Each structure stands twice: as structure tokens, then as C-alpha cells.
Amino acid sequence: MSGLVDENTKVIVQGITGHQGKFHSGEMVKFGTKVVGGTSPGKKGQSVNGIPIFETVADTMSVKPNATMISVAAPYVRDAAFEAIDAGIKLIYILTEHVPFHDTMEILYEAKRKDIVMLGPNGPGITRPGYAKIGIMPNHIFKKGDVAVASRSGTLTYEIVGSLTNAGFGESTVIGLGGDPVVGLTYIDVLKLFQEDKDTKNIVLVGEIGGNNEELAAAYIKKNITKKVVAYITGRSAPPGKRMGHAGAIVEHGTGTAESKIKAFNESGVSVAEYPVDIPKLLR
Amino acid sequence: MSGLVDENTKVIVQGITGHQGKFHSGEMVKFGTKVVGGTSPGKKGQSVNGIPIFETVADTMSVKPNATMISVAAPYVRDAAFEAIDAGIKLIYILTEHVPFHDTMEILYEAKRKDIVMLGPNGPGITRPGYAKIGIMPNHIFKKGDVAVASRSGTLTYEIVGSLTNAGFGESTVIGLGGDPVVGLTYIDVLKLFQEDKDTKNIVLVGEIGGNNEELAAAYIKKNITKKVVAYITGRSAPPGKRMGHAGAIVEHGTGTAESKIKAFNESGVSVAEYPVDIPKLLR
Amino acid sequence: MNLYEYLGKDIFRQNGIPVPDGYLVEKPEDVRKYIKPVVVKSQILLGGRGKSGGIKFARSDDELKNGVRELLGSEIRGLKVTKLLVEDMIDIKKEMYVSISLNRTERKPMLMATTEGGVEIESLPHEKIFLRLIDPLMGYSDYIGREASSFMNLSPEISSQFRSIVSNLYKIFVKYDCELAEINPLVVTGSGSLIAADAKVVIDSDSLFRHKEFNVVDPEKTKLELEAQSKGYSFVEMDGHIGVIANGAGLTMATLDALTLHKGKPRNFLDLGGTDSVDIVVTAFDLVLKANPKAILVNIFGGVTKCDTVANGIVEAKKKFNIKQHIVVRLSGIHEVEGRQILKDNGIDAFSDMMSAIETVVKLGSGSQ
Amino acid sequence: MNLYEYLGKDIFRQNGIPVPDGYLVEKPEDVRKYIKPVVVKSQILLGGRGKSGGIKFARSDDELKNGVRELLGSEIRGLKVTKLLVEDMIDIKKEMYVSISLNRTERKPMLMATTEGGVEIESLPHEKIFLRLIDPLMGYSDYIGREASSFMNLSPEISSQFRSIVSNLYKIFVKYDCELAEINPLVVTGSGSLIAADAKVVIDSDSLFRHKEFNVVDPEKTKLELEAQSKGYSFVEMDGHIGVIANGAGLTMATLDALTLHKGKPRNFLDLGGTDSVDIVVTAFDLVLKANPKAILVNIFGGVTKCDTVANGIVEAKKKFNIKQHIVVRLSGIHEVEGRQILKDNGIDAFSDMMSAIETVVKLGSGSQ
């Protein structure tokens, strides 16, 4: 996972004086993340949680960030992400929910054009116990270990991480891909990283209805992943055509169902837990 | 120069049934170029100079082209170039004059994004005697040899190539960068290739007023080029603020003058010919 | 958000896609004098309206008035018809299909087109459909339309109209933040003109902040869902009887799934979100109670949200709304012990593990009351 | 093509950049009743109009009428004033500068801005200017304006107006295919509003096919240049006396250079282009003759153009226009021998090498005739 987050990760928070930016920048610092700066127009020279505030991302270049957490309101995400891309920041994590997917597509392809990794939007970020956390996952649920978790959800991920930690496991990396129909990193992207990561022995994929990324992940696992993988899929009971909280969690024209995803994992030899709490059992 | 054109080059001509496309596709074939196809909407199944016509660039993929010459009217160049980029053709040469430079910029950066080389617009193309010619340079002026020529002009280049050939020299590669203010390949791009090219021992740069690409080339030569370089600059007598035929040939606010370019070359140890006919003398 | 046909056609009209002349009828008086043959089309968001009797053809003033009278206020597959579109009848020679949609797998816009329109695109064999991803940075350009025309074997006259329509459809897709912009059927008339006989435009709800022109009520949401939305909650009505409040979309879905696997039937999806506030909990109860559940399950994993805050919210809601139904709560995470104590003190079942809460609420919800 | 201020301001107005209210005066009757203080500005494409007396301030009806009378039809540094812009006087507190232009070196749009406006940007020290390249695929976004604001130390109120102006200026740059879109000065008024007091918009002439709205005569071209342009020739008038016809822009320039180095003064630049046609040669002579040269030099390197075709064109032109001036021709390349023979047969000097032709025409052109 050193490609994404490691001891050299230096994070800025775009929108650091907002409600989320203020709280979570503090939590990240407590977790041990190097939060080197933040932006908030009109507040340069001030600080939040001991973190210096800058006017623009260009100005933060003086503290040499290589990652950013974007926590601005949805209408301003495109601008903030373009600012980070233009400044050459190599990992862009977007916390914000309700970003129009047309904006996300643009950000994603501009980022790809410049070899920049985009994570999110609308996900809890990435946590690597012992190294750093970028995002909003609660610090107390983690213990360093060998399980890597990738998920499209926030709280459900904490539930699962909590149950892993309680059951005596620990986590190498936990990554929330985001609940939108278009997100930056996908399961396959992170599966590659998990397979290469020396700290990871087990992999947990948490999927949900909508799209076919779980199906693609299942096919990828069968071909490329030698580590143990278990999965959990949520949304079995969702009525078709309804968005279940996440913009991406929707069964449309019979595609994106939980059944299809569970079937795909089973066919790839990945055990699928019936309840989140069953995940630790499947890993034993 | 094998990066641009060599024995494996397979060219299509977009707009092969137009006046230029028809004539020059035939001349290219006579030169020995592998012209594998052309496009002209509504004429699929027909042929020109023995070259099969296709409906779209996507359709030409069956004959595996890796280069294209775009010879459509200026308003359609953006579409044709995007079509070639989207199809993944690796060298895009645009013959057309009067392409709006905003279109050229877009084409250029889309091409860069996909690692595609763009040559032109508004230039005569590239000729590598013994290998292939893409473009409109007259076949009869060339002789295989060790002089590489890069120029922003068409006929002036033929004049110089003609005088080289008449003086007993021969050419390794002759490339016309194009007379527009924004073009794909620049002097520095081709200087790199000339320096690496085993067939090239001498380099001739033909410059003109407008922009500062010659100045940049002069600085680059001083630092990076070990082969012999001579230059010719035209436009000394051009009145300021007037475009001399080429959209890019204009002295603006005192910049882009012939004097500045000649001075830059002289300071980099590059001899500058007073008249085109003097170039062979400088190479001896 | 799925737009009614008449709104979709307004967009088409404003953006250079030919549509039949027509007008909206919301009450019988809106009907205009009969001049030429028209079609009366129920404005409901369902496929196969025609087969369900939602479309009438009128070749006289009487037929027009009768058609409007029959359709207006009628119910089609459970949906009440409140708006009709009265449109000039078109001379259909052929029906084609074209759409631009988001391809989620490839994360790119996708053009689909076929000469076999007028039916559901899913019902057509794959090889009849021209399918092409569009690079979102490069966008649509004419060559893509030429590729489609070539695949579809269109004549030069039809191709040039078709390409203009696809170009405008892509502009609409981008300009209005569409998930889908579909013309089915795209009609070739007897005189060889192309015209959009239907319009299906689905707008990304997250983009509405920049599309004040669509400040319309989402016709596919229930009254309660709209109320919840206006208060900032993700809320979906379902057909069971166990009210659900949880935090996080994924955990809420997982809660519904667990209930269902235990033969419990959820009444709703309600995501509290990540905010830590008593009021948000109280309002969530207000919404759930309006759905008249037999029992209520609260499932909280305290990350940012604190369990004692939620507990206080539950207690306040119980008093405020005088809740008689059983409330079963699962609290885990930050301040869970304090939270459970607050609930116990107020006579509310509180668990630390999700499964026990699920089992209990299913038992209580299906039982007496 | 450089647009007059009033046209640039029309564009600004239509695209959300504030400009003073004003109107165009082309004849004395166009002047409207004096209501409040105005500025009368000569519409000529020169920097430093004010210093040259091309701008008058009017604080009364008399002053307005006098100003118009004085300026209309006057000549400023050789340019005749045929249009005036009468504009509300603005209360100038501060003058700033902003522009978007093509940076040819980087092949990207470039934003330049400074709080030191009202003077030529080239005269300012580099460190006072905010200079930033813009990725053409990403375009302008607000953060770029925030970077500029921060550099320029603008107050929040000024910054928000400034950013809106830069955003619109970039839109104009792209939408109208500009080489340059410049506001100098961008005025901060006494009441703290930003307003564009001048407008310099230069359009890429090659883009005019998609900007029919600029179907105006290029004011910087001479009558003969415009005639040549309408016939498809690149033609530039110069102040010498040797008419020049050559093929290819580069070779034509090289011909002018060689003439100049030989103390010959060219009358014009004329590029025959790459087409092989007698008529094109004949029309070229027609154009050059209208410039009344003392001698004419034709310099052809036959690549695609064939030398015999050119020779035939020369002979035909000589007859048709009864040309008395010396014509000196250099023909090299395809069919050069045939071409020179045709010319010799018609009593025209023909060379194979360029230098001999140059030397001959300079001698003949500076001599008797």
C-alpha cells in the first residue's frame, strides 16, 4: 500500500475550517498522520489543530504535501480537485457526498492524465494502522494486523473493522472506495495493491448493490489474487429502482443485484458472509 | 528517426478523395511509402491510386495503420484528428492550413495525453529517403544521405533540400514542423530525435520570424547536440505586426524577430546562412 | 431524477432535437381546438404506456375530448395520471433508437443506437446495437456519429440528421447532468425527416443545485420520501412493518438485509448520516412514525456519531411523540455503555450486538403489539 | 484580427463583463443628447490613443458636440478616425490589468494580471505581474482566480468581482477563438465596482468560418491586401518598389530578405501557394500590378507547382495586362527547362538560380524604368 499512503505521506485538507475539516484534521493528527497544512480562503496565516492554513493549494507547496483530503461543499469539489491536480498532488481523496457524477468523471480523467490517484468521492478515506489515516474513519476501531478491507460504505466498514478487531484480527489497510456511481479507485485497483502489499495476508471486500464492480472484482480475484478473500454484500432487500442512501446503490433494469454479486464471488471461490458479524468466522 | 517514420510505417490518408489527398497519396506510394488506406465518407469499397477507401478511421484498423495524414478542410480537422486519436493512431500529421489554433491546442493535448505524436498543421510532413514519406514534399529533390533538416516552411525547405542534393549532400530526414503559431512537434522534439538518429551527421534548422522556438532550439543545441548544426532564418525584412503568409510568421511587440533568432544561434555556435543557397557551403 | 416526457421534450426542443408540436393538459379546459390528428399521451414514468392503455389517438374533436376525459385522472399500473401531452400525430415510416447514458463499469458516457427502435433496448440482440464509449474529456465529435451511421447503414440524408441529433443529445447529456438521455423511438417519417417521438431524460439529483430549471418534485418519490429529503435524510419507503433507523447507508442496508433474512419486513430505509445531534435522531423518529411501523429498530455503530447522543435522542423522541411501539436499539462504539444505560433507565431494550437486536425486533414486530 | 474597442465591449457585455454604457458615433447626427459626463473615444487600433489626442472628455452638450466634431474624420498617427465610442465617464479609483492570451512558447493560454494597470504591460517590472499558464484541457477554474487575487492582495469584495471577470474573460477567449482578450485598464470605481474601461480582443482569423458575427473588414489590412485575401492570396504591402511573386510563405520571405540584403526594396509579399494553375499566376500579376512596382520578380521552386505552368501564366499576364515593367524570373524544379524556354521565347529574363534573379531585378528596379 506504500503506493498510496505510508510514513512519507504528507496531507493537506482543502476546506480545513469547515465542520468536517476541523474535526477530522484533528483526528488524523491524533492517529499519527502528518497533516502539513490546510486551505481556507481568507484565513491564511491562521491555524487549526496546530495545522497552518494557506490561501491556495499552490501556497501549500511550501510544506510539500503529496496527498489531499477535499472537504468542501459539493458544488466546489470540482474546483478544489482541479486545484490539487494542477498543483501535482499525487493522491486526491474526496470526502464530500453528493458530487455530481459528471464532475467526478472529469476529475477522474484529468487525474489519470497526470498520473494522480483519486479516491472517493463519498467515502471514508484510507487508513493504514501504524502509518497514517486520511479520512474520517474512527481511530479507536483499528489494530495493526494483516487484514485489508475495501468497501463502498462508511459505517458498515467500521462495523466490520470493529468486529475484526474484537475477534482478535488486525488491519493492514482499510479503504473506503465511496458510495457514488463513479469513484476513483475501484476494487480491482486496490486488489492489485493488496496482493503486492507485504503487510496483507487476508482481504475483505464489502460490496453493495449497483453497478458491476463486485462482479469484475470476483473475476479478477479468480485470475490474480492468491491471498485469502472473503466478502460481504449488502442491499439484498433493496427495492429495485430505489437509491439506498448511496447514489450508487441502486438496482436498475435488473442489473447490479446483490444476488448477481454473491453468485460471482461464490463462483470465484470467495466466501460471502450472510451478516457483517460473520466475516471474522470466514477468515479463520 | 525510427520513432516517427520507418519501414514499418503504415499510413492512411484522411480525406483521400480530395484534391490534395488524391495527388499526394499517389506520390507517397511512388516514394515507397506503405499507404494502406484512406477515408472518405460515402465512398467505402472504392479505391484511389490502388489504395482502399474506408468509411471511418475505426474501419481502417483492419489494415493496421500506425500513422495518418489528415487532409480535410480546416473546419473538419479537429474531428478528423480526434477520430485518429481515439483510434489510437500513433503519428498524426496534419497537412491542412488555416486550422484555428484553439483546435490545434486541443488536438495537441489530447494527443499528448494518449502518447500520440502530432506533426503540423500547415507543414509539408516528414520524408525519410529510403524509408517513407508522409506528406507533400516533392519526391525528386531527395537523395539519401546524412543531413537532417527541420523547418517551419514548405517550399523554402524544398529549395534548401534541392540545394543540398545538388551540392552532393543527401538527406537522412526532412521534417516540416508547420507554419502555424501552435504546432505539434517543435525544434527541440526533433533535435532530440536527430541527435539519437544514427543516419544523421549534420543538422539544418530553417527558422522564421514569430515566437521563440528558434531561440529555445539554440539554447538546447548548446547544451545537448554534438552533431554539426547550421541554420537559416527568414523574415528579416518583414514589417512588424504583419503575418507573412504563415499564421505564425509575425513579429509582435518586438518579439519573434529574425535578429533575435540569428543572435541566439550565433551565440550557441550555430552558423546562420545569409541566403538559402549558402547552406551547403556552411556544411562543408 | 426521471423527467416526464413533456419536460424531456422541452429540453430537446431548446437544444435542436426535433420533436412533434404539442401542449400539456392538466385539466379538461386545457384542451385546444382540434385541428389535425393528435396523440394523447399520459405523462407517467413507466415503460409500455401504450400497451397499458395510456395513449389514445384522436382524429376528431370528439376523439380528442374523449381521450383526454378517459385518461386524465385514470390510474395506470398503480400510477395516477395527472398530466397529458397532446401532440401532433407523426407519420411513422421507421422507428430507431438512440441514447447517451453513463456506463458505470467503464466510468464513461456511452452511445447506444439501433435502427430497431420502439421496443425495449434490452430486448434486442446485442449485434443489432451500435454501442460506443465516449472519452469524457474528448466528448462527442462527428466521427462517432459517422461510425454509428455506418454501422446502422443509414442513407446520407438520414445520417446527417441523425448525427446532428446525436451531437445535440450528447450536449444535453453534459449540459443537464444526465444519467440518461434517450430517444425511443426516434422516428423516420414518411417524408424522410427524423423526429423524437418520445423523450426519456434522467437527471443526476446531485446536480440539481446548478439546474434550478428542474426545481420540480421528483415524481417517483412518495410524499414521505419527499418530506424526508427536504429535511436532509436518505429515506426509502418499503412495504414491511418494522421501522428502521441506522447510521450510514451501508449499515442501514445491512440492517434491512439482516431483518429480511430473519423473515422480518422492514417498513423503511433511513440513514441518520454521520452527524452527532439529538435533534437529528428526534426528527428521524418523526419520519419513521409517519410510516406507522409496528416496531422500530435503531442500529448504531458509533464512529463519529456518539451512542449517548443517539440514546438521548431516542428518549426525547419517545416522550415527544408518545411512542407506543416497541423500540429495539443496538448501540456499539463510542460511548456505548453510557448510551445503553440511558435507554435502560427509560425502559428501552438496548443491545450491543446487531444480531440480538434484529432477532428481538422481528419477534416483537411480528407479534402482539 | 484585432477588433475595435466597441466590438470588444459588445462581446464583454454579452458575456458578463461589466463595461460602461455607451454608443457608437459614425456621423455627427449619431450623437445623443448630453445627460451626464461622457468620454469620446476614437476607434482606432493603436496603443496610446489618449496621449495622441484621440480621446476627449465632455462635461456638457457643447463639449460633447465639439469633441465629436474634432475627432470624427481626424487623423491620428496616420490612421483616419471614422468611428467614435461615446461612453459614460467612470469614477476611477484604481486601474488594474488582466488578459488571457496564447503563450506560443508553452502552447497554452496564459493569464496575466496586475494591480498596476493603465500602462503598457511590457513596461511593468516582471515581479508586479501575476502570470499563469492554463492547461487547455482543464481550462479556467476559480482556484486560478484565487491564486491571482492572493498575489494581487485583493480585498474579498474586489476579488469576487475580479474572479467573475477573469472567468468570463477565459470563456470569451475560448468561445471567440481569441489570440488575446485584454482589459486595460480594469477600473476599480469610487464605489468599489470593477468595470472594463477598455477592451482589446484579437480573434484568430483562421477561426472566422465559425464566427459569422465578426463578418467585418479587418481594419488593419490595406485595400489591396483585402482584395488579395478575398481572392485567396497571402499578400502584404510593403514600402519598396520591386513587386514579388513567389511560391510558399517561407520562400517568399526568403526572397524579400535576399532583395533587402541586396539593397532592393520589395513592394509586396505575395505567396502563390502550392496550386498548379495558369489563372492563379495571372491573378497574382493583376494584384502586384495594382501596387505599381518598378520591376517584378517571380521566384519559383517547382515542387508541386510546375515551372512551365508558371511560365505560361507569366506570358499570359504580360500580354493581358500589357506589362511594361521588367519581369525577372527564377524557375527551378519540375519542368524548369521547359519553363525557361517559354519565357525566353517571350523576351523575359529567366534564371535557374535565385541569386542571379535577385541581383538582376535589383539592378533593373533601381535603374531607369
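Order of writing sets the chain letters: A, B, C and D. Residues in each chain are counted from 1.
Simple rule for what comes next: a residue touches a chain if its C-beta (ideal position, glycine included) is under 8 Å from a C-beta of that chain, and two chains touch if they have at least 3 such contacts.
As the structure is a prediction and not an experimental result, all values here were calculated from the model.
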{"item": "Pair of chains joined by more contacts [C-beta pairs], A-C or B-C", "value": "A-C"}
{"item": "Averaged-CA centre spacing for the pair chain C and chain B, given as whole angstrom", "value": "54"}
{"item": "Centroid distance [mean C-alpha coordinates] between chain B and chain A, Å", "value": "47"}
{"item": "Inter-chain centre distance, chain A versus chain C - centres from mean C-alpha coordinates, in Å", "value": "27"}
{"item": "Sequence positions of chain D contacting 2 or more other chains", "value": "135, 137"}
{"item": "Residues of chain A whose C-beta touches two or more other chains", "value": "110, 113"}
{"item": "Chain-level touch network, classified as line, ring, star, complete or other", "value": "ring"}
{"item": "Listing of all chain pairs that touch each other, if any do", "value": "A-C, A-D, B-C, B-D"}
{"item": "Of all residues in chain A, those that touch chain C in their complex", "value": "23, 74-75, 98-102, 105-106, 108-110, 113, 136-138, 140-141, 151-159, 162, 179, 181-182, 206, 208-213, 216, 232, 234-239, 241-249, 253, 258, 274-277"}
{"item": "Chain D-touching residues of chain A, taken from the complex the two chains share", "value": "41-42, 44, 55-59, 76, 78-80, 82-83, 85-86, 110, 113"}
{"item": "Of chain C, residues touching chain B in the complex", "value": "135, 137-138, 141-143, 146-147, 150, 156"}
{"item": "Chain A partner contacts - residues on chain C that touch it in the complex", "value": "102, 104-105, 107-109, 122, 135-137, 174, 177, 179, 204-207, 209-210, 220, 234, 236, 238, 246-254, 256-261, 266, 269, 271, 274, 301-304, 332-334, 353-355"}
